[in-house]
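Each of the next two complexes has chain A plus one more chain, namely chain B in the first and chain C in the second.
So, the complex of A and B:
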């Protein structure tokens, strides 16, 4: 099968990264994988349920905070810390979902933005626990993760499982229902679907994956500060999904890779690197609003359609 | 390519590369690479630019050479953001393979990088990052505050001086974040222990445009003096509004050193006159080394040096001395770090000698400064009194001091004895 072949090729290429791109580049790809998970979790809501969230940075960051606090500051077991971190992130998503699912469009965007800002405010102000704007430092990496390649494979394995789970989720009948809600909420309601419940579950699941990414980030960074839960983080997750292609899931992986690579490569040449990123977003919006993967798929589809047309033309 | 040429070229390549390795191990031929992290974009970009200028000014003056090796400074933008700072630090260490890191301005960026170098062991020098605990309770041996200061260290002499001058009631105004909490804590603890009383503490968010609510309350309180801890645009606005409200001349204004730093007062006029602060660097110090540095900076950049430029310049000077002490062998980290810790800098623009304490933080002769008009009409800080040998622990026993909690909004050390 063609799709299996593509997936196997991608996985194979990713597995070779520490051998082909040793050193810092492996670290960079590790970061791309973590942010790809965040961007895909955003895409579940933005692409499949038609609800664009601006709070996933906060969910992501809550998990990072809890992992670092429990394992780094309180000195607890690392795996228990991950469990607690993901639970805390998911719980945050549950609360956000309860408040936000009844809105849509720009109201959903603004409400989730406000909810995310509350988390940011708490992290900034609750100095005794979060360390204020100085954040929390803590070495949570286990001994076997210290090696760059081992840590990379650990992140790759987790990300692969997460990606598979998210793909299964959005292609399941439940995912189809979410897409139905995106296309027409009233029709789904008429058909007897409980729209708020579906959105609630969709939001929570999406939050769970964002929290998983956040827990990985705690290992990766050994540091968290309010900038991790800030609006900029939520926006970055969303931009990755948009650049890659909203509603394509795997596009988010491409988006994350492109943005992180650009951040790193461009900043080596100019201090105006954020401007270059800005232009990238503008060009994406103008020339490929369906994102990199979306555009590629469209072009392939057009070409094969053209091929099919010409073959029928010669046939008749 | 036939088989013979293939074998030949492979052998040649192997020979060349092994020769390369041998020379690398033997003579440490290459340049010393210093990764300089500075915020060139984001909220503190102006200070970041002066950091890079100061650092490069020193290396330019000594011909970019030290200990028999060339010095290569690789500048990276930390975007005033700790996550970006970490990413750039990783890149400098893992990809550019720098021998040491230096810089960062905001405390949270410095703390993030410090945590990273704890794992890699890369020497990391922080002339600007003032977060107390980096050289106190949470010390990392390879993180050294050369030519820097810890936040609570500097305001203590001012508090002592204020108490001796007979000021009894003081209110503090500060930006509400750790750098402010620590500076106000240092001031408040010394002042209250010297018999004065801190009548009220005002905390306001960063980037406050309008200080009138606070100034109104201060006028009603009528304290003997106000200690203000403000940085950047907040400091400029506070000084202007203080004057506009008519408080100037009625209530004595005291400030943290960054409150009357050149980065703030170079845009101000008479409204900034007569503010007292305490600091290790004083651009109006008549010492020849200070005046030479001020003149050089004015010639190069058209402005008097700020704390950022000064600290990075002195930091480079410090590194130069340490690199010379180990004959350029910065690859041997333990001996290099030991050399850094042993440096006594006599000819820094401070005009006073400086050395490190046992915790990697400098001990300074601290000046009480007053903002005055220079002959050309510009304002600068001139020394009026000196407190010799001020360490980050003031007169306290270090072990006893570190048993008290770090300063925060809720713990300001008021009336707390050590």
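So, the complex of A and C:
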């Protein structure tokens, strides 16, 4: 009951954003929502399956490229472009998954990093299609999305549905199996679970949501270049998931909001965002690897444990 | 025919450079289980420092030495000041070095800007050299020689010295070495400094023929990753063979399929890894 109240309050607050924070701030929150979807998709793998990926920027970017190419350059139908973009992103994830599921730990991280770099290299060099460094520009927004607030509500609706879908996914029996694999792969194997198959499906589902975020980003940005599929994008997605709290799903929303807000504030004063991002990574790893939501939950748990202890002390 | 020979030499010299960079990476990875994603940034920093030293009138070889020394100190800092906080957490270590890479790159951008620089080489290494019917740049042959010498030097270090024996023992079982009463932490520090210094030397060598620019670090990092993934963690021979493999594929891939050059390198690597997750020469920990 309490949870429903919190979710309703959050949704209500988000619905009020265009009224309370008009103008550029609405656009900013729109961006946060898109990246929240990306960060949550990263968290499905990093937090629940225990496989930290560095390729989600590439999956995300493939969807953005395809949407902008099909709708912008080739002049196709926008919704068909979204369908193709998400399909292309998911297919990329399928290929990555087939190659990466046999590895774990740092090897998984390295392999996904290399796979993401292939996509980056292709986008950079395949100039006849991707436009190389210049990227692709194309207006894919429909007439009714031109208005800031309408576009915001569109993204909010999609993000809400995606979040619900991801939440259902990670709390489903399948999601529990992924958590089991994270905790002990050998035990799950002994129990008769097909570990590679589960990881493959988990990776694909995670890739699907990253691709959805990428398709939304095509609407938002109307432009894509190799920097959208670059390592920095994957890194940012992962950092959002980590800052929010790996394995908390909703933490990724907080993480995305914090990182994007920070990026905007920092960019207003200096061009050194990349350095700030680096320092943020270093400090998070050293001081708060469990993230904002993870840390909060830990503190609450500690307090309630302390409360329980003191109440038993007074009771005896 | 001579064109193919020319390309083969290009591949070979590029492989020599890759070996220098990747050997440092694989030493750190092998012994300390740390995937140092700042290795590319260290390479670039080494190149810039050598360039700056050369601009201040230093001899080419002195510039290389300065780069190596500066990077060894940088390695000491990263290991002793930053990585000590996340000791034993594999993923946190990797992600921390990723943060270091971002900071170093941006720092380099602040200091040297976005322009392309080339480390100047001494007179006797400039121009072409005629071998048989083949005319080939002297400097690239020098890189090949340097790479071979570094391989020999590292082989001697690892196989003929006490420190090398400790490093090899540490690659196999660091805890056991520690239990034998040997200060493994000190061996770790030396290894990290050596690895970083090798990245610096690589940067100085590579900066003279691949030139230095802001994204050069991630390019070389990905190549070294490929080398180490193919060769296997902590294996010097693996790094050499991996470097040859990647160097050749990269060079011929660029000639034959310029638009898909990345595919040619990483396609085989990804497939290899899918079947041999620990690389050609890797052993399970």
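Criterion: the second predicted complex is superposed on the first by the 306 of 316 C-alpha atoms of A that agree within 3 Å, B and C clash if a C-alpha of one lies under 4 Å from a C-alpha of the other, contacts with A are read in each partner's own complex, and residues count from 1 in each chain.
Quick note on the criterion: a residue touches a chain if its C-beta (ideal position, glycine included) is under 8 Å from a C-beta of that chain, and two chains touch if they have at least 3 such contacts.
As the structure is a prediction and not an experimental result, all values here were calculated from the model.
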Chain B and chain C placed together on chain A: clash or fit? clash
Item to complete: Once the structures are superposed on A, label A:133 by its partner contacts, choosing first (chain B), second (chain C), both or neither.
Response: first
So, does A:264 touch the first partner chain B, the second partner chain C, both, or neither? first
Max touched-residue count on chain A (chain B vs chain C) belongs to chain C
| said: Output check: A:223 vs chain B and chain C. Expected answer is one of first, second, both, neither. What do you get? | reply: first
Examine A:274 and indicate which partner it touches, taking first as chain B and second as chain C; both and neither are also allowed. both
First (chain B), second (chain C), both or neither touched by A:121
second
Q: For A:157, select first, second, both or neither according to whether it touches chain B, chain C, the two together, or no partner.
A: neither
Contacts for A:23 in the overlay, against chain B (first) and chain C (second): which applies, first, second, both or neither? first
Intersected contact list for chain A, partners chain B and chain C 127-128, 232, 272, 274
Chain A partner, complex, touching residues on chain B are 40-41, 76-77, 79, 81-83, 86-88, 90-91, 94-95, 107-108, 111-112, 114-116, 118-119, 131, 138, 177-178, 408-410
Listed in rising order, chain C residues that touch chain A in their complex are 33, 35, 82, 85-86, 89-92, 94-96, 98-107, 109-110, 218, 222, 225-226, 229, 258-263, 266-267, 269-271, 273-274, 277-278
Counting only contacts in the complex, chain A reaches chain B at residues 23-25, 27, 31, 127-128, 132-135, 137-139, 141, 146, 221-223, 225, 227-228, 232, 263-264, 267-268, 271-274
Per the touch rule, the chain A residues reaching chain C in their complex are 52, 98-99, 102-103, 105-107, 109-111, 113-115, 117-118, 120-122, 125-128, 231-232, 235, 238, 242, 272, 274-275, 277-282, 285-286, 289
